[in-house]
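Both complexes below contain subunit A, partnered by subunit B and then by subunit C.
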Partner chain A sequence: MAPVDIQIGRRPNLEGALLGDTDPATQGGYSEHPPRMGFFTDTSVCIGCKACEVACKEWNAIPEDGLVFTGMSMDNSQGLGASTWRHVAFIEQRKPIAAQDPGIRHDTDVLALAGQGSGTPPDQAAMTPTTPGADGEFRWLMASDVCKHCTHAACLDVCPTGSLFRTEFGTVVVQEDICNGCGYCIPACPYGVIDQRKGDGRAWKCTLCYDRLSVGQEPACAKSCPTNSIQFGPLDELRERADARLARLHEAGVADARLYGRDPDDGVGGDGAFFLLLDEPEVYGLPPDPVVTTRDLPSMWKHVAAAAVTLVGGALAAFAAGRRI
Partner chain B sequence: MAECHPVGFQWVVEAKARGAKIIHVDPRFTRTSALADIHVPLRAGTDIAFLGGIINYVLANEKYFRDYVVAYTNAGTILTEDYRDTEDLDGVFSGLDVDERSYDFHTWQYEGMEVQAAAGHRDLEYQDKAGGKSAQGKNGKRSGAVRQSARGESHGSGGVAITGNPRVDPTLQHPRCVFQVLKRHYARYSPEMVSDICGVPVDTFLQICELLVENSGRDRTSAFVYSVGWTQHTVGVQYIRTAAILQQLLGNMGRPGGGIMALRGHASIQGSTDIPTLFNLLPGYIPMPHAHSNQDLDSFIQGESPKKSYWAEMRAYTVSLLKSWWGPAATPDNDFCFDYLPRLTGSHSTYETVMAQLAGDCKGYFLLGENPAVGSANAKMQRLGMANLEWLVVRDFSLIESATWWKDGPEIESGELKPEDIGTEVFFLPAAAHTEKDGSFTNTQRMLQWHHQAVEPAGDARSDLWFTFHLGRKIREKLAGSTDDMDRPVLDLTWDYPTKGSVAEPEAEAVLAEINGWDSEGAPLTSYEQLNEDGSTACGCWIYCGVYTNGINQAARRKPAMLQNWVANEWGWAWPANRRILYNRASADPDGKPWSERKALVWWDEDKAKWTGHDIPDFSAAKSPHYRPPTGATGAEALSGVDPFVMQADGKSWLFVPAGLTDGPLPTHYEPQESPVPNLLYRQQRNPVREITAMVHPNDRFQPSGDEPGAEVFPYVCSTYRIAEHHTAGGMTRFQPYLAELAPEFFCEVSPELAAERGLEHAGWATIITARAAIEARVMVTERITPMTVQGKRIHHVGLPYHWGHSGLATGDPANELTHLSLDPNVHIQEVKVLACDIQPGRRPRGRARDALVETYQRRAGITERTGTEV
Partner chain C sequence: MSERTDVSTASSSSDVTTNGLRGVRPDRDALTGVATGKRGRRRDGKRNGQRDGAPTVPAAEFTSYYGMPVINKPVWSSLDIAGYLFLGGLAGAASLLGAGAQATGRPALDRVSKAGAFGAGALSLVGLVHDLGKPSRFLHMLRVFKVTSPMSVGSWLLAGYVPLAGIAAASSVFGKAPRIGMAATAGSALIGPAVASYTAALISDTAVPAWHDGYPEMPFVFVGSGAAAAGGLGLLAAPLTQSGPARAMAVFGASTELVSFERMERRIGMTAEPYSQGRGGAYVRAGKVLSVLGVAAALLGRRNRVVSALSGAALLASSAATRWGIFHAGMQSANDPKYTIIPQRDRSKGER
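Showing the complex of A and B:
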């Protein structure tokens, strides 16, 4: 992990990084580096086995974080957090998947029971949260969420200690021995991924298994995924693969299928970890249009600088005036 | 499959990506259904009706693979005139002895021929063939002991085995030929009948029939995959048989992409039947000898071994096994130590053992990687049995419930038992995990894959191999010098495995070498065909012979798929003889040509005069398709060139089973032990010969069923099952924080309709009640459980994952408190995949009040000790 010390204290060129899909490792100051690596999570073949969650915790020695029966379908981990770096969402829906026949025949008013739909907290829902739809239609979506390793990563921008840094693989990693627990990165993340651990105070999130990458191994979650729902590799290659998979699903009549975080022109410059979803991002608890929260920083800083110049000028003028007195 | 075998499910996902249609038939919508093309929810316990309906569809619409059926199955074989079907006798077969609760199957045989069951289950006609009456009861009736010890039944009319050629009608027209009998047997399993029994809409059912038929034949094959959802029934074996009939009719056996795959409940369950942890088998499916009087090796072989097929060499397999165990002590003069083998006196299955514990007959118990206090049917009976032992040894990773019931179990909580009153001395020994030891797993494809130790076990944890070897070593040290004949079987054992490391771990590969076997020079054998009956070969398990060919661990081979053909014979090693698809002669037509190029696997090469192909032929390599056996031929020579099923006495696959099953030659729909509806097809409600009478006990009351008064007290169908988050009884998962947090509490799954009917609150609590117990669970109201219409009646399911107990990080009541001990008569498996129950909102009562609630239900349903035990 030699590259780490190169990075400490080095600030990325904000101005350059925010202009578009420039290579994040290059922007991070690496003159020579491997291709940008990432995840393509194809949720259409996820079986919700949670091997990724467990492998991640095992490899990264993340503590258990709550023995809670939530009633949210099979999801008892609830979301990404300081101690959950892979999270599998389970969504029960009254919607068909192309030609799939679910065989489900309900005839009571489950919509009344379901109350407010998929966002219903368990204690308010009279059944497993579901999405309204026609009777006889049903599907069970599963999706493994993870840090997006944004091209333009706000968490990294706001970190005052250099604990968060861009690796030579173009990923974003937080260093636990440097983090001072200031927490600036937490509201900065447009996805709500990075989180402070209770009783510890420091910020934690997926490192894309930086230690494994450095020795030529794939991340633990991808390694453990039995159905290849989590694919790891050079981002360019993954994007090609995802485009082909999407085309195939559309051909097969899965009109809902879409890629999320694949577009380099989106609000974060594209994600290093992107997804194939079978519904709107909101259904999975993902923001529909994420924007790097530090997008306006350069212009803000210009205004600040101008204001500062004005202030300093004013003060000098006042000083000069004072001396004159 | 995605729930319990997510790693294996990757191949289903891959097949789907290549265009395969995935049909999932299961009462609940699971992770498997989520990725399937079609999910068919059916009422738990009705699969024979469902599959029988497909058989009827295939026969009625002439959709079977005629050439295959005529050539390779017993479809044309003519039965005796004495056979009576369930259609004739309203749900029972000819030969039922109501008092003995067993079948005499002499009427099920082929005309003019006696047939021997293929493996293991072929003892019942022993008294006939060995020429004695030793197993006859005093009143001339056959004693039930032999049947109960899981010897399926064969037939015969006295004297030694009769060989002969059965009468066959290749036109399949003879009214007594198997094909016509089959047709009549399933004629009433119409789509409407299926719908009324299973709760599956007629359209859906017909769609499945069409999909299956379209995807079977010369160019296409379909595979069936099942798990304990099919086996854990009072008719479990017959479930699999129904699938077998269908796959034979469609020509899906012995061919690539076909078959019936059993997904096992644990790693290497296949291995633990090949080299059995079962009471009634020796390695390689050789039957365990019975305590018949004057039995010696000759009469054992005479009584057990068929004259045709590879089983005709059973003497060579048995002698080589005895040589493997007793080495130089086993000589022709002492019958190769055949007398050293233990003898069966009856059934000693796990549930009978519990009854023996309660009766005080069984005084000591080893539990190795098993948690019956949570995982076995009627968990309370399991604990009460253990509380009546002198000693109990538990080897596991964690302090599971079966090790701690005496201080914190439900009976301690309720006050029914007090620790100071329990005499059982409990030893807990920590066990090593598979990553901490060398060894092999045998999967459902009969493939052995070797695993190497990654780390030393921590602390006092040791492998089972270490435990067994050193226990034997110490016992032998204690017995050394003994002149008591009783100690000879232990003292004469070959018990000299090399050990390694600081804890003297036995070399697992040395055991594998012994299993593989060697010749008189000590050279490793390569094939079971080398085994001799004169004691010049030793082999620990004849079907595994060849796994250590040339002294190389063939199971450890890991040649990548891209470096070999698609059959991948160089990855691991599969028995027999590394053949990957069993009975693959059937992949070629009678002339030895592949049925189609697309499905070519092995074929006859006329120029070279031998079988060749992608897989290793499961057939005599030089036997021409045109070979016909001479009169009087025995063993493999007696099988013709068109007899692919080489382990069967007649070389054919059996649509109709004349020998080997205790409960009928054809699968028949019976309602489960407990059901909310009567049997629509026959007056006979339940499997008449299910094992139940030995299990009657105050703590194992059965419920009224169907239209019997009191059945309405338990109106819901209840099924126990697993989810991806935990493994079986939880010993490997509930104690692990990363796994415990994924599913931290016991929960039940109910439909919104049932929730409304009973006032169940999502994420709240419910109490589930049967005649055995009342348990509580968190409530998951989900559309994944759907109501069904059965016989015009609304049927609800209560789904119960059974992983939890009172210990560990993730806790809850065990679902198996609710289950009962009515068993399948062939293999003694418990019926835990379907029961009847009631469910009420709120938590269960504590202490004595819990039992009082159950007693209230028993009274309301009018339950006595006789309830549910009717034939």
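Showing the complex of A and C:
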């Protein structure tokens, strides 16, 4: 991927600015731009190595984000924030691991055959090394979370300084020399991605390695992922790849596998970074049906206008009634 | 990115031998659980992945990731931002009261309202700037104008409103430049209602469940609360002979606020819980009690200066308590994942 000449034209139209499937870079005013780039994070092959977390920190020079022991399985970074742009979630469940079966049957008790040479006879032992456990009733889910780079990004919509902007790749990036730390983007994000860095005051989040993309390289997390759980590429291609992967998993009996953020008709117009999950989104700390808050903003402004008129009416009535009370 | 061969046989084709790894590493194409040909039959005779009619795990009402919040809660401080909501409402409504007082010849109410409007407006601006992570960059708010950002709209409103309210107040208090004062009064009365109401969109245009879900009623709660506060200020500081409109404004404001709040709580269902629980709930309850007391005192004590002043103070306190309550309820709803997950879960079930 070579650096691309970018032309900034006039803002096309407001239709599609808040809703539905659209090309965000075109919406953002780029008349010519490279294809929309994104991540497909396939959690079914994530091994929880956290290489993505480390690579992200190293490349982006992100400060330490708290050295704590949480007791939340292997997760000590807890969630996305100003200084955690990739976060690996660990979930331990008493659930069968899909259709996994090691194919070993202990029909013969080898210890019994070895005779009662020493120690507790196996049939009297509570447990031996070959005692079968509850059949597959344990699984460990791991998933690397990241900024979703929404088609309709609430953080970008509500930013009053223009610090957050849409890149030519269709991603969403904070300009740190512009951000004044108003904090509006933080509660606007339906995924809890962006946050304020203490002591710095500004809002920070994943840039999808805008600097690397600009020179034709893939983001640091995808580069470092040893299992290709994090896949980077043009969004169209990633969606095709994800659909094929989902079909294969379903075929293999992993009925719980599902894509998250892939649908361009969802509440945020589809995510630029989407996922293959093995359980409900909320299990991973993701909202089940996120909606960009600005979808309701036209209606909000109408209600605000009606309330302002009500206030004027109330004031007029107060002066009309003011003589009597 | 490197191109990879399509590995249709996946994991079964790779093998670790004394000579190293044979076959292809499964990599991104690894499948969960097809290690052997015996796939699909378990010890208990059930097929893997198959369910006996009922799901393996009973559908939990609500699951979350270690009880962690889904969204990041606002980093705003309650003094700055709840204070800002209160002062903005007071200022906007007081500008209307001041303009009306000038038009109907009530000079004391005129002075009090305009001075209050400017003081509250200026102080709210201080709160807004103080709350910024980088206060030195507050002028970056005026780099752009974005209708999709209520904070951008509000910054421009305040940038226009506060100077006008200042000129109107100065002219009224010092009795100078009546024409300019009149124009500034008209201007601030025009922008005032927007200043009092836009803050509802400011907090509703977030993913905070208690704030977002209440967006249709929130502007009415806010203008009602603002009108009650401005009326309260008039009752507190203007003489009985001139405070009639302030009294009427207070009654109008408090009743609008109470009715709209009640409607909001009933409509939004479970996300309204924080408005009646915890710290937020305590503030909201205090606001309601003070509001009812204030209105009762305003109506019953209209010939008594002291009772009127007390009612005014109660109404001001009620407005502030309501704003603090809404602020903290929003924080509570952001902190508890159930307010994010359960309504979304119900919604997506409804669509299916």
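The criterion applied here is as follows: the second predicted complex is superposed on the first by the 247 of 325 C-alpha atoms of A that agree within 3 Å, B and C clash if a C-alpha of one lies under 4 Å from a C-alpha of the other, contacts with A are read in each partner's own complex, and residues count from 1 in each chain.
Operating definition for what follows: a contact is a pair of C-beta atoms (placed from the backbone, for glycine too) under 8 Å apart; a residue touches a chain by one contact, two chains touch by 3 or more.
Please read all numbers here as calculations on a predicted model, not as lab measurements.
Once the two complexes are overlaid on the shared chain, A:Ala247 sits clear of subunit B and of subunit C alike. Once the two complexes are overlaid on the shared chain, A:Cys159 sits against subunit C while remaining clear of subunit B. Comparing subunit B with subunit C, more residues of subunit A are touched by C. In the superposed model, A:Val45 lies in contact with both subunit B and subunit C. Shared-chain residue A:Trp140: touches subunit B; no touch with subunit C.
By the document's definition of touching, of the two partners only subunit C reaches A:Gly79; subunit B does not. In the superposed pair of complexes, A:Gly66 makes contact with subunit B only, with no contact to subunit C.
Legend: residue contacts after superposition of the two complexes on their common chain; A:Glu92 is shown touching subunit B, with no touch to subunit C. Judged by the touch definition given at the top, the superposed model places A:Asn228 against both subunit B and subunit C. Judged by the document's definition of touching, subunit A residues 45, 70, 94, 99-103, 227-228 lie at the interface with subunit B and also at the interface with subunit C.
For subunit C in complex with subunit A, the touching residues are 1, 4, 27-44, 48-49, 56-57, 62-66, 68-76, 92-93, 96-97, 100, 103-104, 131-135, 137-138, 140-141, 143-144, 146-152, 155, 193-194, 196-198, 200-201, 204-208, 211-212, 215-220, 222-223, 226-227, 231, 244-249, 252-253, 256, 299, 302, 334, 337, 340-341, 344-345, 347-348.
Touching subunit A in their complex are the following residues of subunit B: 2, 6-7, 9-10, 13, 17, 29, 31-41, 201, 204, 207, 723-725, 737-745, 747, 751-753, 755-756, 761-763, 778-784, 786-788, 809-810. By the touch criterion stated above, subunit A contacts subunit C in their complex at residues 17-18, 42, 44-45, 70, 72, 75, 78-79, 81, 89, 91, 94-103, 132, 135-136, 154, 157-163, 178-184, 186-196, 200-203, 218, 222, 227-229, 231-233, 245, 248-249, 252-255, 278, 280, 282-290, 293-294, 296-297, 299-301, 303-312, 314-319, 321-325.
Every residue of subunit A that touches subunit B in the complex is listed here, in rising order: 45, 47-51, 53-54, 57-58, 63-71, 73-74, 76-77, 92, 94, 99-108, 110, 113, 122-123, 125-128, 130, 138-142, 226-228.
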